[in-house]
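The two complexes that follow have subunit A in common; it is paired with subunit B in the first and with subunit C in the second.
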Partner chain A sequence: MKRATQATETPQVGRSVPRLESWLKVTGKAEYVHNLRLPGMLYGKIFRSNIAHGRIKRIDVSAAQALAGVYRVVTGQDIRKIVPEPYYGPAFHDQPILALDKVRYVGEPVAVVLASDPHVAEEAVHLISAEYEELPAVYDEVEAMTSKAIVHDALKPAGTFPDLKYLKGKTNTNIALDFRLRRGDAGKALKGAERVFEHRFRTQQVMHTPLEPLVSVAESTERSLTIHTASQSPSFVRIEIARLLGWPENRIRVRVPFLGGGFGAKLYIKLEALVAVLSLLTKKPVKVSLTMEEQFFTITKHASTFRIRSGVTKGGRLVARDCEVWWNGGAYADIGPRVTQKSGFTAPGPYDVQDVSIDSYALYTNLPPAGALRGFGIPQLVWAYESHTDMIAREMGIDPIEFRRKNLLREGRPQATGTLMKDAALEKVLERLSVLMSWEKPIERGSGSIRRGRGIAIGFKACIANTTSLAAVNINADGSVTVYTSCVDMGQGSDTAMAQIAAEVLQVAAESVTVVHSDTDVTPFDMATLGSRSLFHSGNAVKLAAEDALQKIVQLKKELSLPADAAIADVFRKKYGMRAGSVTGTGSFIPPYTPPDENGQTDNATPFWMVGASGVEVEVDTETGRVKVTRLVNVADVGTPINPRVVETQLSGGAIMQLGFSLFEKMLFDEGGQLRNASLAEYKIPGFLDVPENIINEAVVAEQRNGPFGGKGVGETATFGVSPAIANAIHDAVGVRLTELPMTPEAVFMALQKK
Partner chain B sequence: MRPFELLEPRTLREAIAALDSESARPMSGGTAVMLMMKAGVLRPSRLVSLRRLGLEGIQIKENSLSVGAMTTLRALEKSEVVRKGWPVIARTLRTLSNVRVRNVATLGGHLAHGDPHMDLPPLLSALGATVTIAGAAGERTSPVEALYRGYLDTTLKSGELITRVEVPALGRKRAAYLKCTTRSADDWPALGVAVVLDGDKPTIVVSAATDKPTRLASVEAAEGLQIESDLHGSAAYKKQLLRVYLKRAIDEARNASH
Partner chain C sequence: MRRTIQFRLNGEAVEAQVAPHETLVEVLQESFGLYGARESCGQGLCGCCTLLVDGTAVSGCLYLATLVEGREVASIEENPEPDAVQEAFVERSAFQCGFCTPGFVLMTRQLLDEHPDPDDDTIRHYLAGNLCRCAAYPEIIEAVKLAARKRRNPG
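Right after this comes the complex of A and B.
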């Protein structure tokens, strides 16, 4: 058997290396924060608002405080003793650690009970009461534009993003951000167009539902704080906690072991500021672990409304697109303004349109906050523009694939921002989808109450900019390799990918590489594990670090007059006279970027484009409206797959998740903003029986030239096209058009009745 | 969750005695009771586990199927006896909740819970099954159909336990159970329809859309059934599902080998 650290001829990249952590996971040995217990630890349970909008008049915690076993009850005013201005958030400093003065949605944290027995803490929560002066509330994103109910008295953009500064102190508005893009003159072009189509689409609020709910533990001394947390963004947590406390970053340590799923739910700060302050207040370790149900009141995916208008020539060429998108951000901005803008600029779709206008609005409402969810707003946009595009094609009697083929953005052509398309295999993906769907051949249309149809959709995404990743790679005295990165493995397989990249550079087996998990005392800065950025950004940083380490070894060999093929262990032995020493390579990666001008124009909007298309075949039961997806084909441009098996599972995972958002997942609120289905008994996610029998996932042959070994992100790509492909297939099968998600059997049946 | 004591009596008599308190609840598989306690809907001070009472087992008694109340749904599903003599029960169990639940949930607990979204109450009602009930006053029997008074409301008195379930032989009858979920495939059903055909004469029991398993005197009676809107769908839509699934269940029963 080859020794694990022995140099290898086998390519490490492009090989389906089994996931490094799989054995730990299936034997129950992988570390999760949920299993962490520290001596003397207190458990915190949260008391939440039961009204959607109101001023806090009184919080009575006396009965809870009196319950045997309760250590302490903490409210927003207590938080102020540690943090005078306890507002946090990545884009806006608008979210209090516990409610102060006002509550802004049902489920907002108002107080916390601490006890060494979590059941006692939970029991005491029921003994807290609060009185509010109720205020008018607003729930709908379009109404929020003009509503008299104002969620925040003044806008408080964070200093982090210079482009949001102009919003500071704005009052009497629910518009957190109004992103605007103008290219050419869409209004004029629409007037002159031979055909004009206008439609309106909606998406619903849904939840990430990671199987491991949010959990954080903090322990502190007088001058240090350690946070163990299920977070996708340890570096951001450290910066934000340091800002809140007014501490230097080196006194705050953020550790992240494995995550049981993230999908965008565990980004920025969620429970970390709360446990940090609770630990500093009590001088004890404090743990807050949410229940599955509480996640509904923590972070969600934006509901949205999208009005889209297109001008088309008689021949089917798109000449103008006018897009207006309203994003329902809930009560706190979280990363919503970034979704509004960074995804907003792709609202016209992957088409070559001369005259474009986009207005994209981030709205505050009195609902649970919305942030990033596997696609960062892109699935909402693709839902609208690919339904709309299909409607135009079918209305004009042009084959839907042919229509898209005619209008697709070609390599080197300017996208709506003016940025020229590069390494975006749009045509290849569309053509491959067409082949895999056997589009040229007619399908069997069904009989009786079962009718069959098919549909496709294609979408794209610009990876978020401007972001940076750092990494370090150690070559130890025996030649073994350790990678240090703050990229978080939340189930997507990043440990394995990072090991493969380092192993490829250093010519060792990927299986032999150790990847150290995020620990801000140890691993270098990384912006966050989000938006499919990590394989590209962290991957490039790891590659640079490995190359740097290799360069240092080469240099050592020269200094020591060793031959180029000398074993690494011999290099160290000769240098130190014994088995000792190590070499550390570092890598810092930040791709070039040009911020957009006031019209949203830039010559460099993104470091890379992701392209994803889906095709489905469906059976619609005309008597019940039930839709069965019998075939699902996902085709993507992921550059060169670093680990083909992981690419495949990321594609199928993303598509199946989106299938739930397409067909049945929905957070249902009553007229008072109360969530009616805040449990997994009433909020259903897809199970095995919902997975289509026939799924194909394929990455086209492509290369991302600035990516590590030609690779780029894949985590979100298969979410893009699923929803509109299903809507298009339903229309193909039974001639009804759904413009709102989810496409429940009842919605399909009622549409059939109207027809 | 408030603190509670957990008892594991070894005899039925001890179990019944331990239940002689307002805030004591029996626990069989615990799949429903634990969720209700976590949600704060149920706050018992004592749980009386029935797992050590020896109430498991599947037998044939005088052509009837006789099942101990603590038999898991999974054991019932896998039973050769059930598959041969009452295939409709085995078919129904395959899509009842999920295998993790079926591994621990018991037949007695399933019938005693009283949630109208469960699959076996309508089917066993239509099959004419009966239960043996033990209580402080002794034993009594009841048709499954008579167990249900309303939503989560049964005719079991406090301190009474289902110990055994008897399902008469199908003989020449043909049976089918169809359910319809409107969200994920493993969701609670929006509608359940059980049909047992004796020759051409159907016995129809509807559930899920109604607040308890409800017998329909005829196919036509479906139109008059009281159905409320809920998270699974509007009343009008569920009425349509009933029309469609009733017809389909009758067709399936006609074509069933049993």
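Right after this comes the complex of A and C.
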């Protein structure tokens, strides 16, 4: 690969630059934490709870400790020697590094065995036993509202979010957040509506399954700690570890190389606090790398229940929507309260509805914790509101696209929060989908046991606010360019996008730019790589930093009386008399934001909107219930694509991932809260034979005016519409309506039988 | 209870001290510093650990290292210069995070050895044992076809 500096006037943005690290990835040389071994390193293996809820009476580690080759066994009480209050979490400080007084789900970490041979550690784990006093457990999110089984004795909001403070110390509840939005009077409007429709939908608990399972390594001295971790949020890890240890941030270093997939699984603290404390306890490097099975006990996607009620005029105009959403957060809040609120406020969908009421509840249950998974709650909501919207349209005899067209939020109109829609190409996306689906033409309906149908769905998402990104851009003495950002490349291509943005400003080839990977000793703060925020936030910061560096070069040229077109290397040579020096530009970006009032109203809910729609054609086998997606069309507003090829692969990848969540992925629990399918043998993710043969992905012509070079995020957009589009197509094909995910052959078959 | 085994690794005669329970992936990582084959699902279902033993793809996370005694093992690190398959994967952006990519590259080589001009259906079935959570499947089909063309018409 060319690594020399190439000055160029060719546009660098809008070009399908191959990922900068392409060669490293195809030759197996890309750096992952998975590969890391340090001298004297111990491997930690985790002993986990086998009950869903109970008080710990006794943990017997004696046999494990006695096994030859075991260095040490550590329990929650040992953790307290280093961290007296060992509870972490982004929204609530509710999760212990190892279970202390109670266990709250099957699979919760209770003890760790350390050994230099991971097989020895694993063997010793099986020699540990624990006794519990079992407590009643709750698994269902709606039951958790009123259940006598209480997961946490008292709520412990983190305090970093002012709107959660009122929950502090609350007892006898499983509600970790009750977000409320009122616009107009939905109750009154529903009473007066000509038609009222009410439906209830469910989504299932699923898991990210990044193929590189969660892994962290820590090494320490008396006064310093380095964590090498597969994390999407190195800056957060540093802040949270500093808080737990009571150390200043500058003694903690968090390094992140490439990630083997993230999808929201590798956010906030996962294994980092554990390896940090284990390293400080043993004074040795410690690595904990989970198996695929253990990932299912670590972080998942919220199951949810959504009751939605709409008032409609005879002509098909939506006048009111009343939404109640219950999010199954599992035993620890993770970022669930943010999902509940930040996604919750879009629950009525991308429609212009005068009177809206939303209640969105984050609930604790005795299941593995749920957090963010490619969409931050949006796919769960779109599943419900787009199934519901289609049911209304079909029942009223209105074409589903026409119904949506009639009700879509137009540019400049207020969304449920009162925030005016801006740079959200909803109409364009819907119209383009209609064209690509050839919606005007009837489709062949099939015969015998194979029936065909089609469906569409459209969703939107606000970007999480308010969040900060910083970046630095170095122009070296030879004119080469280095970008410093804590944005994490987990496969989405952010390194390449950041290089393109800096390259565009500095007029060099993107391929010649080096992007330094997250290292909190080196790269500036970045809130996290999540929620499709990075292209916009980190991208804006990189752009500002590059502009700052350029400005400094322009200034230097003036000072040195050099012409404006002088080569950069000549500027440094003249300034320092030799090849020396460098110029550093910095950029800091935080977009404006107004927190919502007590009714969820704000004039600025989000820095940008994402819009995604999907259309599918399906074949339903009425004898087996099997659904085959024969065609999948994804249309999105991504602003101006910075790298069109990467945008296309993100849209395609997001939609196929959602296809798995739509048709077959589901974590299955028995009545004791024990997960029955924690392996890829029994939890199937999409493979080659599940992918529709005909997929189209398209970004409409659009511009995000406050985004870097008109761009915005794309990682989640194609997940929005897939599930409801399939449900709508199944209904179109065979006249049955599924209201729960996944839409397995069994579910379709049973629905056909009922009909 | 370690014992010494001798085998050929990427064309070179090598030996390693292995325990009976150690897998081929572990031995390549711990004894040879080769990390291209990775354990992911740990059940031989995802293909991230794909390795070739006597030219046939195996799941290196299940394959016991002692079984390669006297045999020929090839990993993604085999060829110092990228081949047509790797070039095609780069040119068609046939990966995102890259964790599964070495497995796909090795399986694609074996596929093209058997089917120099595969159609979509052959590709999908042949590679059905390799999983990509980023779901770069459509791009991988494109890459396999491009690699086939490159191999048929070198240069």
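Here is the rule we use: the second predicted complex is superposed on the first by the 751 of 755 C-alpha atoms of A that agree within 3 Å, B and C clash if a C-alpha of one lies under 4 Å from a C-alpha of the other, contacts with A are read in each partner's own complex, and residues count from 1 in each chain.
Note that in this section a contact is a pair of C-beta atoms (placed from the backbone, for glycine too) under 8 Å apart; a residue touches a chain by one contact, two chains touch by 3 or more.
Quick caveat: nothing in here was measured; it's all calculated off a predicted structure.
Novice: Kindly classify A:L689 by the partners it touches after superposition: subunit B alone (first), subunit C alone (second), both, or neither?
Specialist: both
Novice: Which of the two partners, first being subunit B and second being subunit C, lies in contact with A:A176: first, second, both, or neither?
Specialist: neither
Novice: What's your read, subunit B or subunit C touching more residues of subunit A?
Specialist: C
Novice: Is A:T624 contacted by the first partner subunit B, the second partner subunit C, both or neither?
Specialist: first
Novice: Considering only touches as defined above, state whether A:V113 meets subunit B (first), subunit C (second), both or neither.
Specialist: Touch partners of A:V113: none, neither subunit B nor subunit C.
Novice: With both complexes superposed on chain A, which partner does A:S679 reach: first (subunit B), second (subunit C), both or neither?
Specialist: Both subunit B and subunit C are touched by A:S679.
Novice: In the superposed arrangement, does A:E123 touch subunit B (first), subunit C (second), both or neither?
Specialist: In the superposition, A:E123 contacts subunit B only.
Novice: Scan A:I252 for contacts with subunit B and subunit C and give back first, second, both or neither.
Specialist: A:I252: touches no partner chain.
Novice: Could you tell me if A:G28 is touching subunit B, subunit C, both of them or neither one (first, second, both, neither)?
Specialist: In the superposed model, A:G28 contacts subunit C only, not subunit B.
Novice: Could you tell me which stretches of subunit A are touched by subunit B in one complex and by subunit C in the other?
Specialist: 119, 291, 293, 679, 681, 685-687, 689
Novice: Would you pull the subunit A residues touching subunit B in the complex into a rising list?
Specialist: Per the stated touch rule, the residues are 119, 122-123, 126, 291, 293, 623-624, 626, 660, 664-665, 668, 676-677, 679, 681-682, 684-687, 689-690, 744-746, 749-750.
Novice: Could you please specify the touching residues of subunit A with respect to subunit C in the complex?
Specialist: My answer: residues 16, 18-19, 21-30, 32, 34-35, 37, 119, 208-213, 258-263, 291-293, 490-493, 645-646, 649-650, 652-653, 656-657, 679-681, 685-689, 691, 693, 695.
Novice: Spell out the part of subunit B that touches subunit A in their complex, as residue ranges.
Specialist: By the definition above, subunit B touches subunit A via 1-3, 35, 38-40, 95, 98, 180, 182-188, 231, 233-234, 237, 240-241, 244.
Novice: Within their complex, state which residues of subunit C touch subunit A.
Specialist: Of all residues in subunit C, those touching subunit A are 19, 21, 29-30, 34-38, 40-43, 45-46, 48, 75-77, 82, 86, 89-91, 93, 95-102, 105, 120, 123-125, 127-139.
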